[in-house]
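Take this structure first; my questions come after.
By written order: A, B, C and D. Residues from 1 in each chain.
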Amino acid sequence: MPSIVKPSVTHPAAAQNSRGLTQRDYEGAMSTLCAGCGHDSITAALVHALWELAIPPHMIAKLSGIGCSGKTTAYFARGAHGFNSAHGRMPPIATGASAANRDLTVIGISGDGDSLSIGLGHLGHLMRRNLRMLYVLENNGVYGLTKGQFSASADVGSTAKGGASNRLAPIDAMLLGLSAGATFLARSFSGDKEQLVPILKSALAHRGLAVVDVISPCVTFNDHEGSTKSYLFTRQHEVRVTETDFVPPEPAIEATIPENGAAWVVMHDGATVRFRSVPAGYDPTDRAAVTAYLQEALARGEVLTGLLYVDEAPPDLHETANSSREPLVSIPYERLCPGAAELSRVGAR
Amino acid sequence: MPSIVKPSVTHPAAAQNSRGLTQRDYEGAMSTLCAGCGHDSITAALVHALWELAIPPHMIAKLSGIGCSGKTTAYFARGAHGFNSAHGRMPPIATGASAANRDLTVIGISGDGDSLSIGLGHLGHLMRRNLRMLYVLENNGVYGLTKGQFSASADVGSTAKGGASNRLAPIDAMLLGLSAGATFLARSFSGDKEQLVPILKSALAHRGLAVVDVISPCVTFNDHEGSTKSYLFTRQHEVRVTETDFVPPEPAIEATIPENGAAWVVMHDGATVRFRSVPAGYDPTDRAAVTAYLQEALARGEVLTGLLYVDEAPPDLHETANSSREPLVSIPYERLCPGAAELSRVGAR
Amino acid sequence: MAVTLPGTEAGGAADGVAPRVNDFAVKLANVNGTGSSSANNLLMRAMFRMGVPVSGKNLFPSNIQGLPTWYEIRVNKTGFVARAREYDVMVAMNAQTYAADIREVRSGGFLLYDSSWPLDQLLVRNDVTYLGVPLARMVNEAFRGARERILMKNIAYAGALVAVLGIDMEIISDLLTERFAGKEKLRESNQRALRLGYDYALEHFECPIDCHVERMEKYDDLMLIDGNTAAALGCVYAGATVAAWYPITPSTSLMDAFTRFCERYRRDPETGRNDYLVVQAEDELASIGIVLGASWAGARAFTSTSGPGISLMNELLGMGYYAEIPAVIVDVQRVGPSTGMPTRTQQGDILACAYASHGDTKHILLFPCNPTECFELAVKAFDLAERFQTPVIMLSDLDIGMNDWVTPTLTWDDSYRPDRGRVLGADELEDISVFHRYDNEDADFVTPRTLPGVSEKGAYFTRGSGHTREGAYTETPDEYQAVVDRLAHKHRSAARAMPEPAIELREGARAGVVTVGGCDLAVREALQILEQRGIALDFLRVRGFPFGPAVEDFLDKHDLLFVVEQNRDAQLRSLLVLETPVPKDRLRSVLVYGGYPLSAADVVDSITAQLGA
Amino acid sequence: MAVTLPGTEAGGAADGVAPRVNDFAVKLANVNGTGSSSANNLLMRAMFRMGVPVSGKNLFPSNIQGLPTWYEIRVNKTGFVARAREYDVMVAMNAQTYAADIREVRSGGFLLYDSSWPLDQLLVRNDVTYLGVPLARMVNEAFRGARERILMKNIAYAGALVAVLGIDMEIISDLLTERFAGKEKLRESNQRALRLGYDYALEHFECPIDCHVERMEKYDDLMLIDGNTAAALGCVYAGATVAAWYPITPSTSLMDAFTRFCERYRRDPETGRNDYLVVQAEDELASIGIVLGASWAGARAFTSTSGPGISLMNELLGMGYYAEIPAVIVDVQRVGPSTGMPTRTQQGDILACAYASHGDTKHILLFPCNPTECFELAVKAFDLAERFQTPVIMLSDLDIGMNDWVTPTLTWDDSYRPDRGRVLGADELEDISVFHRYDNEDADFVTPRTLPGVSEKGAYFTRGSGHTREGAYTETPDEYQAVVDRLAHKHRSAARAMPEPAIELREGARAGVVTVGGCDLAVREALQILEQRGIALDFLRVRGFPFGPAVEDFLDKHDLLFVVEQNRDAQLRSLLVLETPVPKDRLRSVLVYGGYPLSAADVVDSITAQLGA
């Protein structure tokens, strides 16, 4: 499990998986996100991973909160039930869905605002519950849909900024996970499909909660001081709607993070982020070592990617609750109702 | 700062501090908690610390959420404004109070349910904001006021339990703090006034948010399986109100954790907790090392106490916001209102 | 599901007449956490076994140990056992409240106290008979250890009351034997303590006193149960499999009971696996989220909470309404606003629940009046939630939920099958050309839904944002309105499916009284008292919202209506004004909202005053 | 603070008559994110500079790039610039919506389109004049780079409209110069693009067309501003120092503006330190918590949000009410329920705000009708919140908040000083023997409060749990009721302090119309149209809740009242029914809730139909 073998990612669009389905069968509605948005690249990787795993689309339940990220559940697996819920509340709703039907492949998509601001408490407790699901955090460091306020996550382009920047300590979903008992933690970059697809596949195979933090650049609100086309600049200089009203067409950023080593990736505004893959021989099962390693990378200004931590031992929600192997939704009513005779035994006389 | 010198704790009740106030002047209303509750010991330590620091009572703002812990704000500093707010919401309310008047000594008291369940998101963001305040987490591993459900924190007596126990991974406030950017993290035991008083004093002197996690045994709901008088047992065996209706009189547990070494402390139900002080030469400023050390102790089943982590460098809320040195409440209206002339310049023609 | 309620015989209501046999009230003043509750419960239970209608109301503080707590027992042979406001017997076990307690004894009544210490002469009334029992002394002599002495003192005063009130000692012994089955030592010491008080009383007082119980023909169709336990049973019997909650007084015992029953009935004896899943969530926002997620996926799911929880659920309740997801919420109401008085009763969440959430939102509400209805309406709640694909809130309250009630025995029809509403299975989906979530409405304006995991053809996208009949995202007025207009019709349509109101008509009634929930018994007692005074009034108790034709008809037929409810702002009256055609000047209010259960006297006084009678 | 509103002259309302000079409507259909908004804004602004009353309504999607977006400009010489439902000129720049857009042009109207590509003949109407401008071709020839070409195409069509609508080219040039001050290159390219369209139009069409603008005498007492900016200014002028918020459309721009103004006016030029503090909170529960904490400590504090935020604030709003803590909340309403349509307008939170929270809770509400009132009532909100020690919610909406309005110029009286209500300072505390928080009420049932950090003598304990007049914890009915009863009186008392309703009476009026907020202009235009048709109606617009005697009096004087509001469930009507003595059968509803700003025609149609006229 821990080590992820990178497969070749190119597949002809018409190729069929073991279920006879093509990638197209795992796609969804047309995206309404900005051209070049990292979230769309993540969607593409997800389509790919689901197709490769040949998961029956109708067994997927895809859920999200609110945000640009939240919309993406509509853009893959059209054969699956989707639920674009309320801001920050996807974790409990996913918990309910999975509690009711443990056979569902539950996929949650969230944004950094959705997960780390309004939804922080729910995410922490989802980790504790170890709900069996794939949780994708589409992390762009901003609130995209509400037009570019700072979010609580690490500023994606922070390494390139000289001097002052976002002044608040970022909340790192991976470190949070390590402290809250998460059992699968991975990080990747939306532009590196080669790394991302296999990570998503392992995450989908995990016994409990798999959190995948994907750095996903927002092409429109790239919040870096010093960059003249940034939101912050816009705000401070009081040029009204003009700038955010116009979203220049941008290509999605692509990059490959070498398996052993680091890559500088240039963001839309010229800022650069240094990604590094976990090295060969990295042990993702040693929680203390992982924490230390992550903190060191952070101190070096590097974004560590790959499968960062995994523990297959802890039971998931259903195992903890010792609930029936059969999905609760499938249990016939007759088995659930104790019946009239039993009722007459209840209550004091 | 980092190293805390333990002072002698005995003071005659009538002794006066530099303001001419006695300890009695820092007390509050009569406690209505159960006899022997750890929370009352914490209150006593707090009274002591405030008295020693000779903080003017009227400059204190004491706030809490809801719970047995939440009630304790009424039991100290009767000369201070108190605010027993809503469950889990103390952090934002304290933020507002401190934002309005930065000269206040803000003291927040919370429980493990209040802080780590319903209030988890707020606590995480309070840490990010680094609000200058003392945050005391009265940690008993249960929801006291609602009669003994498991809380999200480490089960206090967990080391003594053989086999199965609370099945969910606990949320450790100290590890959470390390991941969310907290700048002062300390842990102590309600029964060790010698250790607790100086920790509270340093916390009150900290530049930003000081979180003090105090293990505080609940005499009434000591939730350990295997203990025949435990709540869990009660529930499973369907003995109705009888047991929780009766709260046997118990003395508060006292213990001294040696400065270098560990102490086994026996809890009300016979369970034991192994406390250990941080060793001499411990460096509370190295975040990565602290995290590792904490995780190791956890793995050994030990509760590490002392000043665990401190970083005096990060700015507090007011420094980040660059707000006036004068409390905002003191700024005369005349300085706040731009006036009629300025208004005529606003708006497009 | 009509219920035979006690108190339907004429002439049984208390009317200031000094009560005597099988018709009196006892109040016991204790200290919280001393174990008095089980002693008091024992007494109440014993009287019930004697076939005497009785009620026990716990007036306890929001505290674990040390504060005053009271227990009130009302005995009334005709079944009117709503709270009394005057007491025949006071058991004064709390020095802190002694002065106030003694004032509450009716003239000619009795006071039982611990005579181990002398009584403060200032506190002696000469119109009250004092029954001193040296409880502390007796117990200290007979038992060792602080713990046992505290506990046994309670049992000792219970023993004295057994003698004084003429309770059957054999029944008490049986109860102790049952309670301490397999704990012989405990049973023995309890029995011993009981005898201490009993023997002392027999020896020193004329027993029984004039207020006492006598065996009655057993009410075979009554049982003793609290509303939360009964509601939990309703959830079990309705087939709920997923529950989520966050602890809050006074709803906690509901989920405790649900868990307990599930452990008993829903665990496979072979595999040890559970046919249910209860999540103790991180807060109420999560609880309702879990319920919506589980219902969306096809389970019957519910949560229980109280006022503050309802406030926190506002956003997701609106989502449930708009995205049309079933959900069952039990709100065991306590005194608001804000944290309020968590251990006191009120009906203060009616408006908050009816219109919970921003935007145009309306919910279905159910109002049980006693544990039996808690059971029945809990089942109904799931049927309605799934039939109408929307959250249904059952409003119970602390009095119903946490107190033991003598209530019509719960019965069950084994032919019951859940109404799952319009859910298309794989086969049905096969038969249609295309599935659109919010299209193809039935006469109730309900459109069929599908569940995940069934068929790709049924896949749709659930959203709280603007959507078309097809379920697609929209920002177009017509498309948006088509859906919200149907929702308004659907809510109105649900009126036909709601439980019928309870109605009692009286010959020559001058006016009507409308009430709700736990006010039932007190109001009906009040109407009997008023009738005795020559004021005949018709009675209606609403059981659900939206209101149906029977409610409208009743309102229409009365020119003057008193609305009796337990809140300050006349919330039921407001809902009637907004949601029925009744002219508002017909409706007068009787509002009692101090936090104690309603008593008939409150109602009689107010109506008499308003009628100038 | 009476406001001179536009549209007060008779005879100016549109009534189906084909409009001509200074009286027409233009709709521009664009693609979101292409930069069209600034071009459209430029046109609107230029017309305003010509002294012509105008409005610009942005109908934008909840999306950042690629979805349809419209901008509507209405020009009306008498100031009735509510949304039109029919358009004289359509600028069709979005192929996606072309077919629908062309249907909305009135017969005899104009359509301006990009003639770089041939027009689909199926979409040609012969009752519409087509103005083809080869925009893409012109721009591609003149500019390089995708970015610039996209942007300049907008400016080019704006140039064509300048010619077609007779807008003063000099004013446009001035505006460009101002906007691109110091960015010479940008100014130049914009100017060039503008000329491309302008010259082409002059050359190919008869300019101006019959619908066009002509200079008018300047309205010196009007300005162009959006409601959120104006409300932010109100908060600055009221002296608010602490603000907390969580981003949400359509309220975000309010806090953006507040921050901007504070950066300008509240930063010490020497130290660079700020006399304000804005916290971007983690969610709305935190926002309201911060506001309550800051107000409790003595600052003027506020938050701005929209429906979902109000839902999340329910619990703490109730705490603010019960613990009597001032707070100002601006709810910029959008379409509900749930997430609803975040970029569409509605007045759907009236009930949710009036009774926000469980238990018996009532809040003070303020309803501005335009940016000027957003400014004035924001100031009032702080005065009321501190005077009555309670949360005050100002209900704006997306239309008022985010669109630029021509509105009475904001004015300020420098003698204004905040009404801080009853706050005891150290000296006053010296003078009294003992301080009790909830005692010693004044004629408005307000009791004095104290602030932390002032004096030990003023120390008290704030709680959301049951409390006595002294502020002590209680679970006793009388003590609890004493406080909540006073709260009910206090709320009623606030009616006298609320802003007076806006009233317009008409000779021989048969009935009255009651409305609220942003409906104002459309309703008043409708009443003028109806008057022209012989139907005279009186007009009242509520500006605050609780309603005062002026509102009650108006209701009392009319046997028939139409309540015009933008929600499905008649929420204002409900509030009037519950909170005034008006018999409910007098009130009929005019409900428009599709999400677009109200237009006079909506009101005229509904009232005409209901009157059977």
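One rule holds for everything that comes next: a residue touches a chain if its C-beta (ideal position, glycine included) is under 8 Å from a C-beta of that chain, and two chains touch if they have at least 3 such contacts.
Owing to the predicted nature of the structure, the values given are computational and were not obtained by experimental measurement.
Visitor: Greatest Cα-centroid separation from chain A: which chain?
Guide: Result for max centroid distance from chain A is chain C.
Visitor: Quick check: more C-beta contact pairs in B-C or B-D?
Guide: Here the pair linked by more C-beta pairs in contact is B-D.
Visitor: Rounded to the nearest whole Å, what is the centre-to-centre distance of chain B and chain C, using the mean of the C-alpha atoms as each centre?
Guide: Going by mean C-alpha positions, chain B sits 37 Å from chain C.
Visitor: Quick one: report the Å distance separating chain A from chain C, using the average Cα coordinate of each chain.
Guide: Centre separation, chain A to chain C: 44 Å.
Visitor: Distance from the CA centroid of chain A to that of chain B, rounded to the nearest Å?
Guide: 33
Visitor: Among the residues of chain D, which ones contact at least 2 other chains?
Guide: 62, 282-283, 308, 315, 319, 338-339, 463-465
Visitor: Please output the residue numbers of chain A that touch at least 2 other chains, ranges allowed.
Guide: 86, 117-118, 120-122, 124-125, 129, 152
Visitor: Could you please specify the touching residues of chain A with respect to chain B in the complex?
Guide: On the chain A side, the touching residues are 117-122, 124-125, 127-130, 152, 167-172, 175-176, 178-181, 287-288, 291-292, 295-296, 299, 314-315, 320.
Visitor: Which positions of chain D touch chain A when the two form their complex?
Guide: 33-38, 41, 62-67, 146-147, 150-151, 179, 246-249, 252, 256, 259-260, 263, 280, 282-284, 308, 338-339
Visitor: For chain D, which residues count as touching chain B in their complex?
Guide: 45, 48-49, 223-225, 229, 233, 236-237, 239, 241-242, 244, 261, 265-266, 268, 271-279, 281-283, 285-299, 301, 315-316, 319, 404, 409-414, 416-418, 450-456, 458-465, 473
Visitor: Contact residues on chain B for chain C in the complex?
Guide: 32-35, 66, 68, 86-88, 113, 117-118, 120, 143-147, 149-150, 152, 220, 235-236, 238, 240-242, 245-249
Visitor: So in the complex, the part of chain A that touches chain C is made up of which residues?
Guide: 57-61, 63, 73-74, 78-86, 89, 91-101, 103-104, 121-122, 124-125, 129, 317-318, 321-325, 327-329, 331, 333, 335-340, 342-344, 346-349
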